[in-house]
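In order of appearance the chains are A, B, C and D, and numbering begins at 1 in each one.
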Amino acid sequence: MITAAVAGASGYAGAEIVRLLLAHPDVEVGALTASGNAGARFGDLAPHLQPVADTVLQPTSAEALAGHDVVFLALPHGYSAAIAEQLPPEVTVIDCGADFRLDDEQDWTDYYDTPFAGTWPYGLPELVRAGGEKHRADLVGAGRISVPGCYPTAISLALAPGLAAGVIEPQDIVVVAASGSSGAGRSTKPHLIGAEVMGAMSPYGVGGGHRHTPEIERNFTRAAGRPASVSFTPTLAPMPRGILATTTARAADGVDAAGVRAVWEQAYADEPFVHLLPEGRWPHTGSVVGSNLVHVQVTLDERSGRVVAVAAEDNLTKGTAGAAVQSMNLALGIPETTGLPMTGVAP
Amino acid sequence: MITAAVAGASGYAGAEIVRLLLAHPDVEVGALTASGNAGARFGDLAPHLQPVADTVLQPTSAEALAGHDVVFLALPHGYSAAIAEQLPPEVTVIDCGADFRLDDEQDWTDYYDTPFAGTWPYGLPELVRAGGEKHRADLVGAGRISVPGCYPTAISLALAPGLAAGVIEPQDIVVVAASGSSGAGRSTKPHLIGAEVMGAMSPYGVGGGHRHTPEIERNFTRAAGRPASVSFTPTLAPMPRGILATTTARAADGVDAAGVRAVWEQAYADEPFVHLLPEGRWPHTGSVVGSNLVHVQVTLDERSGRVVAVAAEDNLTKGTAGAAVQSMNLALGIPETTGLPMTGVAP
Amino acid sequence: MITAAVAGASGYAGAEIVRLLLAHPDVEVGALTASGNAGARFGDLAPHLQPVADTVLQPTSAEALAGHDVVFLALPHGYSAAIAEQLPPEVTVIDCGADFRLDDEQDWTDYYDTPFAGTWPYGLPELVRAGGEKHRADLVGAGRISVPGCYPTAISLALAPGLAAGVIEPQDIVVVAASGSSGAGRSTKPHLIGAEVMGAMSPYGVGGGHRHTPEIERNFTRAAGRPASVSFTPTLAPMPRGILATTTARAADGVDAAGVRAVWEQAYADEPFVHLLPEGRWPHTGSVVGSNLVHVQVTLDERSGRVVAVAAEDNLTKGTAGAAVQSMNLALGIPETTGLPMTGVAP
Amino acid sequence: MITAAVAGASGYAGAEIVRLLLAHPDVEVGALTASGNAGARFGDLAPHLQPVADTVLQPTSAEALAGHDVVFLALPHGYSAAIAEQLPPEVTVIDCGADFRLDDEQDWTDYYDTPFAGTWPYGLPELVRAGGEKHRADLVGAGRISVPGCYPTAISLALAPGLAAGVIEPQDIVVVAASGSSGAGRSTKPHLIGAEVMGAMSPYGVGGGHRHTPEIERNFTRAAGRPASVSFTPTLAPMPRGILATTTARAADGVDAAGVRAVWEQAYADEPFVHLLPEGRWPHTGSVVGSNLVHVQVTLDERSGRVVAVAAEDNLTKGTAGAAVQSMNLALGIPETTGLPMTGVAP
């Protein structure tokens, strides 16, 4: 059995990692740590995780985390590097925060207020690069992995096949995505209380201000093999979980609908977690809640000359914790789908 | 007192017209008609409209509607022309359906299955045309008015100022909008039942398939004074009311953020129902629920070179019934804001 | 014109009072005050109230509030008495907090941590006492009025007619009520954030612990003319507004269904805001959202020997702010329904 | 491997059975059948069940179902008996409908319009009878099992311990429960469409009219060993899944709070799926969504003399499909918890 610790277990991402690990046949859950919630009974903060309800949260520290085979970090940005440095190299460290996602220091500095920590292999196995290779190869045997942001996962998987195949243009991509409010974490900000969120939608970080923007552009640039530009508008939707990403890019000259579909079909034909839906069916976030799946659909809008691709995921599962466990499986040589939910909880 | 009849009063749009008329100081509500629900006590179908709960719905017919000063039609497309022809010219007829919205017969034929009925003055007073004139002028004294679609209202008001002023390009506009499920009407389709809608989002009519697409393009073309093209993706959001429209267009050469804002400020400075929010504040559909207001914000994303404008409205109020009553006010020479709610019901 | 100030205007109750006053033909809105939010632009906190968006919130003080004809207090408990003492007797003061609701000092001490402040006339005009008289009489010309709690309004109106008429027993009443999350106010507690509230229900204050319990028992005791006892369980429902109160009491000997209905019919036949629905129709909170209405239905369950009465209200409107404005109307001799919404915003 | 067929797989209950069976290590999913949806690709109706998305639904018939070790029936009432009779006795048949739940023919006739079909062992293993024995014993090796109604599961588990121990009175029990809208099934009734359900609550079947009433009374009578009577009011809540049952019964003479708690503690100490929460923690339906768990809490309200017990479950999992699979495990000698989710999907 592999032993795993989770730092930041009382947050939404951390608790979701625990949920998945409890169902993983090869993993034993070890230390669960927190900062402000250290000392609390875990069941008082995560009553949905009955099997570990009586576990007491330890303060987050390298001491508490060391001694496990795998450590998952689900911390605010800026904290992971210091912890990771204190963990021996034989411990597999999987970071769900932003700290090691970007590879351009300027991008980091433009969006974050802490020092640039570096770059780790990117935990999005299904993401294609220019030339056709996927990121999966980087993860096999990796000792340090950076889990993608929740928005970039859905958005990148939606459009990357077309960029890699050259059927869409990497410049002037437009993305509008809706996220459930768990994406904002468990913080108690005034605009996130139930009465404000229910029954209403609103955008935020408009005009390139969202921190996931450079990660999205980087992924698209890698897929296209030339510079991509994106207008990205995230919106807050009245649901607990789920991301619906609507992405559009200009069709390359001479492309037709069948050709577009063929590109996406080929890209995801063998992927266990990314499904191109049958023609005419569009993704519905409710269908992937609780699962590690991404549902994708694509079409060519001949009127406007744009390809529209839509992806749905659960921001906490495939968007965070599922990607973390999937990455762990690849890192440790466990079959990639082990322990990961293949069905959503719907309706 | 003006007497008003409402055809299709048991649908969401029709009932919302009744709600507004009950609060209008110059209007007396007369006949309420329906097709399948004819003969029913109105309160059994619209218990929120207590003052007319005991009114019995009459079958929709020209006879039932004639004899009122104003007739509101809230019918499925294809029915309005036949009714309107039977009403004498001195009756003001305001159609909330699609029948008279388009002015290009080919556009109609591309999207609808009934004969093209013609074009009536367009009930969106605040919409600017190239040259700066607004549609308001067309409505003063009009005897026949076509109320815009709910999506086109929010979307057109979001971007038209920039098109008319030339600070954005009319080609390759991209719009993604989220609508509450009342936008789909009161029909009992499997994908609209509560368990499917709650907690989930999904797109529909992707790739130019939504019937509001040609209306949006027509409005943008009128605003720009040259052909516009739009990629429009509507999505269904888990809320009863509200539309959040995220619209983006390429910035014209040499435009800066202050210049963009100045254009929108000038366009809506004197509009009672369209408000450009203070800088840094973004629209929230919850803030306009039940009101006739549209909240708008705009920014220039220098990274991507696109202007992003977002508008929030209540699809049933300003998006349908409020526009109808506002149009009636203009048609009959009543002050434009009379009887229309200036505040939302929030949270 | 009557001038009115609102203390605590940035909370949900206070903002709802402002919403109603803006639609009141005889009232001019004056000072809006706050504590932590003093100095803020009101529109940044209540963007749904466009007409006063540019008003700056003043710090709550007797100085800011004096000089108006009416002062509405929407403050946490324990603050109203000190403010009210500093306001001259000719100022009508309407308190939406708990401070003056109870008339038994022991009840107050059992549930609150501040000194007992006394008792003001109770702003629930439609509530019947033993003997048949309603509380309306206490409010005409009153200079100080205490607005009922949101739960007690719906719950008391549901059962009081039967208690006053002697067709149900006042002992062993059982009430379970569901409230939208705005009932918890605008505070940012961890269990009230959107992701926790949406898609879930939970009880709180179970076992007699909710502060509205003694107010409910007092109202039932007044209605019955002899001691009442209540088991009250409130629950938090995933909606922004609305209370659905399910109340049951043992039927008195010899009572039949027709007799029960006749009692409620008679009690509310002439009430503009409390409607007994037609037989077979049950209240739906959505139908009264935004309105000052209470929808009530009652039946005799012959199997269990209990009368079940259900009431629906909007907790912020009739449950708080509407009652406040209705009380103001009675206090100042304005027709009781003036300025109060008679229709809900549905769906 | 055990082979299992599901009749009525395209309904919510049937699809949930499929979801659980796909995660069951000892079961292979065989025929999936439907009536109106026969011939459809299952993935078009249940896109959340990706692994069987390409399965084609067969028409429901004994022929399609025979040849499996276990047959789950998720059919409207009145259909199960005819199917079951045609299945050989060695096939384990588990009925999720109402047909075999009641043992009193008069109760059946009072609430249903089809002939009384008989009584099968009752699939609620944790339910205690007078004397202390639980229903589990009836299920071991059973060839025919009737799964409880979703409401009776939560409600019976909430109060039965106190009835069996004699600390509460079986007469004059009062229950108010809230259910997510999936409890109404997948039917497209006007009051179940999203715009009606979201943001609102309403009761139904008030006054003893709900079909689960006699089942609840029967369970309570069995637990108490003497006749029980119940006032039961179900309400529809704006959430897709979940039941919150608030149950109250008069405390027996001389009972104190510690004694009450001890009874429930003892009843559920060894139950894997029914958890009495720590003192002061109350059930939250969100915590059990997708799981086979029931969370229970109980208290003595000394003011009113009533014990209040609250239970939360997922109506589709423990309330239907989970109970069916748990019953199958017991019937076939598989460890009871095999394949059943022990964690909820929260938030």
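Basically, a contact is a pair of C-beta atoms (placed from the backbone, for glycine too) under 8 Å apart; a residue touches a chain by one contact, two chains touch by 3 or more.
Keep in mind the model is a prediction, meaning the values are calculated, not measured.
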item: Shortest walk length in steps over touching chains, subunit B through to subunit D; value: 1
item: Shortest path length from subunit A to subunit C (each step joins two touching chains); value: 1
item: Chain of greatest Cα-centre distance to subunit C; value: A
item: Geometric centre distance via CA averages, subunit C-subunit B, whole Å; value: 35
item: Per-residue multi-chain contacts in subunit D, two or more chains; value: 12, 180, 182, 195-196, 198-199, 238-241, 284, 286-287, 289, 346-347
item: For the subunit B and subunit C complex, residues of the former touching the latter; value: 12, 15, 19, 22-23, 41, 43-44, 46-51, 182, 198-199, 240-241, 275, 277-278, 281, 284, 286-291, 293, 295, 341-347
item: Subunit D-touching residues of subunit B, taken from the complex the two chains share; value: 12, 180-182, 184, 186-190, 192-199, 238-241
item: Of subunit D, residues touching subunit C in the complex; value: 172, 174, 176, 178, 180, 195-196, 198-204, 206-208, 213, 229-233, 235, 237-242, 244, 246, 248, 250, 282-287, 289, 297, 299-306, 308, 310, 312, 346-347
